[in-house]
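Structure below; questions to follow.
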Amino acid sequence: MNAKADAAQAVLAVKARLGLTWAAIAEALDRPVVWTTSALLGQHPVPAEVAAKAGELLELTAEQVRALVSQPTRGAMGTAVPVDPTIYRFYEVLQVYGPTIKELIHERFGDGIMSAINFRMSVDRVEDPAGDRVVVTLDGKFLPYQW
Amino acid sequence: MNAKADAAQAVLAVKARLGLTWAAIAEALDRPVVWTTSALLGQHPVPAEVAAKAGELLELTAEQVRALVSQPTRGAMGTAVPVDPTIYRFYEVLQVYGPTIKELIHERFGDGIMSAINFRMSVDRVEDPAGDRVVVTLDGKFLPYQW
Amino acid sequence: MNAKADAAQAVLAVKARLGLTWAAIAEALDRPVVWTTSALLGQHPVPAEVAAKAGELLELTAEQVRALVSQPTRGAMGTAVPVDPTIYRFYEVLQVYGPTIKELIHERFGDGIMSAINFRMSVDRVEDPAGDRVVVTLDGKFLPYQW
Amino acid sequence: MNAKADAAQAVLAVKARLGLTWAAIAEALDRPVVWTTSALLGQHPVPAEVAAKAGELLELTAEQVRALVSQPTRGAMGTAVPVDPTIYRFYEVLQVYGPTIKELIHERFGDGIMSAINFRMSVDRVEDPAGDRVVVTLDGKFLPYQW
Amino acid sequence: MNAKADAAQAVLAVKARLGLTWAAIAEALDRPVVWTTSALLGQHPVPAEVAAKAGELLELTAEQVRALVSQPTRGAMGTAVPVDPTIYRFYEVLQVYGPTIKELIHERFGDGIMSAINFRMSVDRVEDPAGDRVVVTLDGKFLPYQW
Amino acid sequence: MNAKADAAQAVLAVKARLGLTWAAIAEALDRPVVWTTSALLGQHPVPAEVAAKAGELLELTAEQVRALVSQPTRGAMGTAVPVDPTIYRFYEVLQVYGPTIKELIHERFGDGIMSAINFRMSVDRVEDPAGDRVVVTLDGKFLPYQW
Amino acid sequence: MNAKADAAQAVLAVKARLGLTWAAIAEALDRPVVWTTSALLGQHPVPAEVAAKAGELLELTAEQVRALVSQPTRGAMGTAVPVDPTIYRFYEVLQVYGPTIKELIHERFGDGIMSAINFRMSVDRVEDPAGDRVVVTLDGKFLPYQW
Amino acid sequence: MNAKADAAQAVLAVKARLGLTWAAIAEALDRPVVWTTSALLGQHPVPAEVAAKAGELLELTAEQVRALVSQPTRGAMGTAVPVDPTIYRFYEVLQVYGPTIKELIHERFGDGIMSAINFRMSVDRVEDPAGDRVVVTLDGKFLPYQW
Amino acid sequence: MNAKADAAQAVLAVKARLGLTWAAIAEALDRPVVWTTSALLGQHPVPAEVAAKAGELLELTAEQVRALVSQPTRGAMGTAVPVDPTIYRFYEVLQVYGPTIKELIHERFGDGIMSAINFRMSVDRVEDPAGDRVVVTLDGKFLPYQW
Amino acid sequence: MNAKADAAQAVLAVKARLGLTWAAIAEALDRPVVWTTSALLGQHPVPAEVAAKAGELLELTAEQVRALVSQPTRGAMGTAVPVDPTIYRFYEVLQVYGPTIKELIHERFGDGIMSAINFRMSVDRVEDPAGDRVVVTLDGKFLPYQW
């Protein structure tokens, strides 16, 4: 686990030094950018060949590449309630709209959940004359409660 | 606040008795369905004329209508970490992807946040042969840190 | 939610008064006993016709039957860490064996989880000359992390 | 305790480097795989001769072997509520089914608990055309409350 | 559960009104005094015939007697750390001597625990010229970790 | 405090290497075994001459001996609720029997507490054909509330 | 416990209605004012004859008088950290001066504590040209750690 | 902050090695003993000339002296509720007598607080044939709520 | 305290029914608007003659007027971290700028605090072509640490 | 993140050694003093040219300058509730006046919040014959809830 955090630190440092963007790294690895970012930050195991490419691109040690490949123990917020304002706003969305999301999932699908495992997401910038907008799309398979 | 919770309870009870859906209620009130749901659950003040229409549709008392109109103290999860599985999955998304969202917002917009105030969202069902998908779109204005 | 808790209280009271067992109730409703118990305790929505049968068997009011049918907000432990000794032992199993379960799921299936939604369980009594044993079987579909 | 955590880290690193599986290690040590995994992760004291064999297999130092033998202070989740999704699902099972388990243990055995000490468990992969299943079996001696 | 708490309140009120002691009640019920106290406070199910005798002695209603008989959800401290000074001292003993107890149990018995289920305790007054002493004896079966 | 924790670590390591028991150490130091264990684990200041003898017996450095002598900041559980099963059982006793202990202390002594300062305890193994028993005796002076 | 809280509420209400001070009540009961205040607020059992006098003075019901006499479960802050500013300042004193108090008690008395049971306190107003001062004197018997 | 904690550690170590008391150090620095103790433990900034004298007396490095002079971030308990028994008793006093202190401050001064900033305290040993007493005097300016 | 909360509820209900603003109420009572709002919400004792006027204006009962006059136990957030977005932003300011405020107070005043007791504040609307601004001014007397 | 904390430590150490004030540093960097302080303490990314100037002024390493430029994960209080008295007073203001601020923002602006992102603040010393005052002005754009 520490090994994965160390690899993430290294990724961030090299990325800053080389002036790379996550978009560029994702393209170089031929993976979606959200997946790439979270995998290199240690929240997903990276397939060996992708990790090797990342190791070259980001000048990682063999040990850091091995850490990228390894299975993570996930969970990256540090505290139960996030304090960083950029992350907190998403927690606030849950506080204000959580029961609404629940009502509408049940109305449209019945009893069940949106999977966070069979799941993909995107973070986009949408231009808007009144100020550009952050659009985050959460897209997960519906899983019905099934005995 | 209690008055708002009581109104929400009444809304849910009548909605079940009459077999109404949130979609139908939203259409009757001519408002977006996510906004309608969260407002009737007590997370937004309802404009007086909308509240009046809702009162008629849902057979609310005058006091309940007044409660819908009143300014809420927001926050609906009850505990810091939600325990209901349908809501928890969104918290898990924050645990796994929170720092990723942060990195990508900063990469695409610079230092700042997605507003949770100048904000709209949708909850959609997208058909998929491998199992239909829940697609939740969070759409907030980018607010740059500005001194 | 309160309505569901009230219905659960009523179920428990009548069950005690009539000397019924969960096994007998489950048989009368023609449902698995674990599902029946958790549904009548308010953790699953009960299909209307099953709720009707339960209402007759357990002398419930129409409102209590409607509560059984309604969608629950799940979560029944009251506190983050359970204090009742019978329930605590299962929490202790997680404290002692949690990372072991994780290692072995990953070894046998790859990266992913055991679903708690596409899930069934049983609680059995197994005779043993050294003292009968409680055997709890958790049986959930494996869900691979899938982008 | 630190010594035990260090030994566990070493075990994981060598296991990855040598491409060993827990199943293979357990077979080499002639112990059940769940016990082996949790013992090498530091949750059980390892008998001296087993620790010696493990030390050879996993190229541990004498100090690490001694650490495996020593009595653990158990508890491996780090936080009261686990955040890793693979482990969290088991916590969720407690939130949703905890009182059900309690009801059924009492119905079938009377007042008492499932021991988490006189206890064994297994983690199995069961093939299923609708998707293979994780089957975790918890098997503990029933202990009646006895004055 | 509420029913059990109500019964306990009733027991305490009548006990005060009639000037009974726990010792006298225990004698009347022909049960150990610690067991009697905790059972009437709602922490143990009371066998039907003992509950009936208690009901007579303490002028309980039929519902209260039924509550005494019912299976409790145990746990009586209200908060994780007790604030009442008389109870807190025992928590303090755990803070100061917990690891010592653990070391000595392992030294004298090997790996395992003192059962809190196959368990009895006593609270005694021991005369002492330097001030009488409270002697609390915890007496539980040793349970070895056993796979 | 760190110095005391370091000394405790050293004591445990040497004790394991030399194969000493707490009983033997206590005898060598001519002190009660519970006191000896908790003092060497850092919960009591050790009188200088006893610390010197312990230093010789356990091959401690001068700094470690000084640490044994120094006044501790007590409290050894690490978390408010202990997670190690051997220690947790005693916490469970408080959850189940705390109010009972309180009732009986007040019945036998009046308003006051069992001192955890003017206090001694023992941990004994008592043979029993049905399985040997752990008997922990807490023995503290009664202190009446006194203005 | 509830009964004691109800009695305290009644005391406060009558005291306000009659315009009594704690000083006057204490004098009427011939008890120290700090003791009187905390006892009538439910933190000490009140001797029967004092409770009778208080009942007359404060127009309490027989049940309220009985509640005053009964043994309290102590602890009056509601939360672990007090939020009322007047009480918080004393918590702040502990945060800033706690270790100092500990050092000086040990320097002047050796290893032990100030009893909070054999204890009395006063709250005084001391005139001062630079602004009158609140002087709170905590006065408890020293209890040495004694095996 | 770390620098201040390091300086405090150094002070404690030298104080023990040289066999100094807080009383002697305070006298050498010509400051009250409570202030001296808390300032050297890092809770108050030490005036430069006093820090210089302390540095000489306690053989501190220039960096440690600078740390003594620097402004502290105060707060020394480590946890919200103290676990060391000597400090805990003062927390217990707040739990039992907090509302009493509040009532009496308001009765004698009106609405306001005892300042913990314009504040001094003493810790004294008062001889008593029934056992010497710890007398802690908290003495802070009354601050009325003033708009 | 309950009485004060009830009075606050009554104030809010009548204020909404009569369509009054806090500004108008403050003017009628001839008090600053921030003080008036917090006092009527139960955070300050209201002088008798002001409470009488408020009682007339807001059609309060005699008991509610008495509640306004009574001394509050302050603290109105309900949870340690506020969840309502409008209040949370001020908590966020503390998370981001807390240490900055501390540095600058110490740089400009020396060691000490801004009093929250000898304190006044205002909440203003300032027009701005880029969007009007909320300007909250906190104005408290500096209190130097003074022994 | 660690890199930013290290840079902040370096800034504080050099600032103390050189006897610089935040006011002087802000002037040298030609930035507002509150912004400068929080940015150098790690709560804002510092533009490259400002960071370069700060690096020269404060003798920072290239790595420390890079850390100043990097995007922070914000949040500086360490605990949910601050314990340092200077910072705590602002938390107390929220406890006492939070709902008042909320009421008045809604009365003057409608439903919405004060932005903590489009935000500036100042910390001033205002002379006052009765004791100088700390005046903290929070000035954020009003953001209306907008779907």
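By written order: A, B, C, D, E, F, G, H, I and J. Residues from 1 in each chain.
Note that in this section a contact is a pair of C-beta atoms (placed from the backbone, for glycine too) under 8 Å apart; a residue touches a chain by one contact, two chains touch by 3 or more.
The model shown is predicted, which means the values in this text are computed figures rather than measured ones.
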Counting C-beta pairs in contact, which comes out ahead: G-J or H-I? H-I
Whole-Å distance, C-alpha centre of chain E to that of chain J, is 54
Where the centres are mean C-alpha positions, what is the separation of chain D from chain H, in Å? 47
I'd like the Å distance between the centres of chain F and chain H, where a centre is the mean of that chain's Cα atoms. 29
Counting only residues that touch at least 2 other chains, which ones in chain I make the list? 73-75, 77, 80-81, 83-86, 92, 95-96, 99, 102, 106, 112-113, 115-119, 143
Set of all touching chain pairs, with the criterion as stated earlier: A-B, A-C, A-D, A-I, A-J, B-C, B-D, B-I, B-J, C-D, C-E, C-F, D-E, D-F, E-F, E-G, E-H, F-G, F-H, G-H, G-I, G-J, H-I, H-J, I-J
In the complex, go through chain J and note every residue touching chain A. 2, 66, 70, 73-75, 77, 80, 116-117
Report the residues of chain A in contact with chain C in the complex, numbered from low to high. 32, 35, 44-45, 71, 73, 99, 102, 106, 111-113, 115, 117-120, 143-147
Residue numbers of chain F touching chain C in their complex, please. 81, 83, 85, 88, 92, 95-96
Parts of chain B lying in touch with chain A, wherever the complex brings them together: 21-23, 33-34, 37-38, 41, 43, 74-77, 80-82, 84-87, 89-109, 112-116, 118-119, 121, 123-126, 128, 130-143
Listed in rising order, the residues of chain B that touch chain C in the complex are 9, 16, 81, 83-86
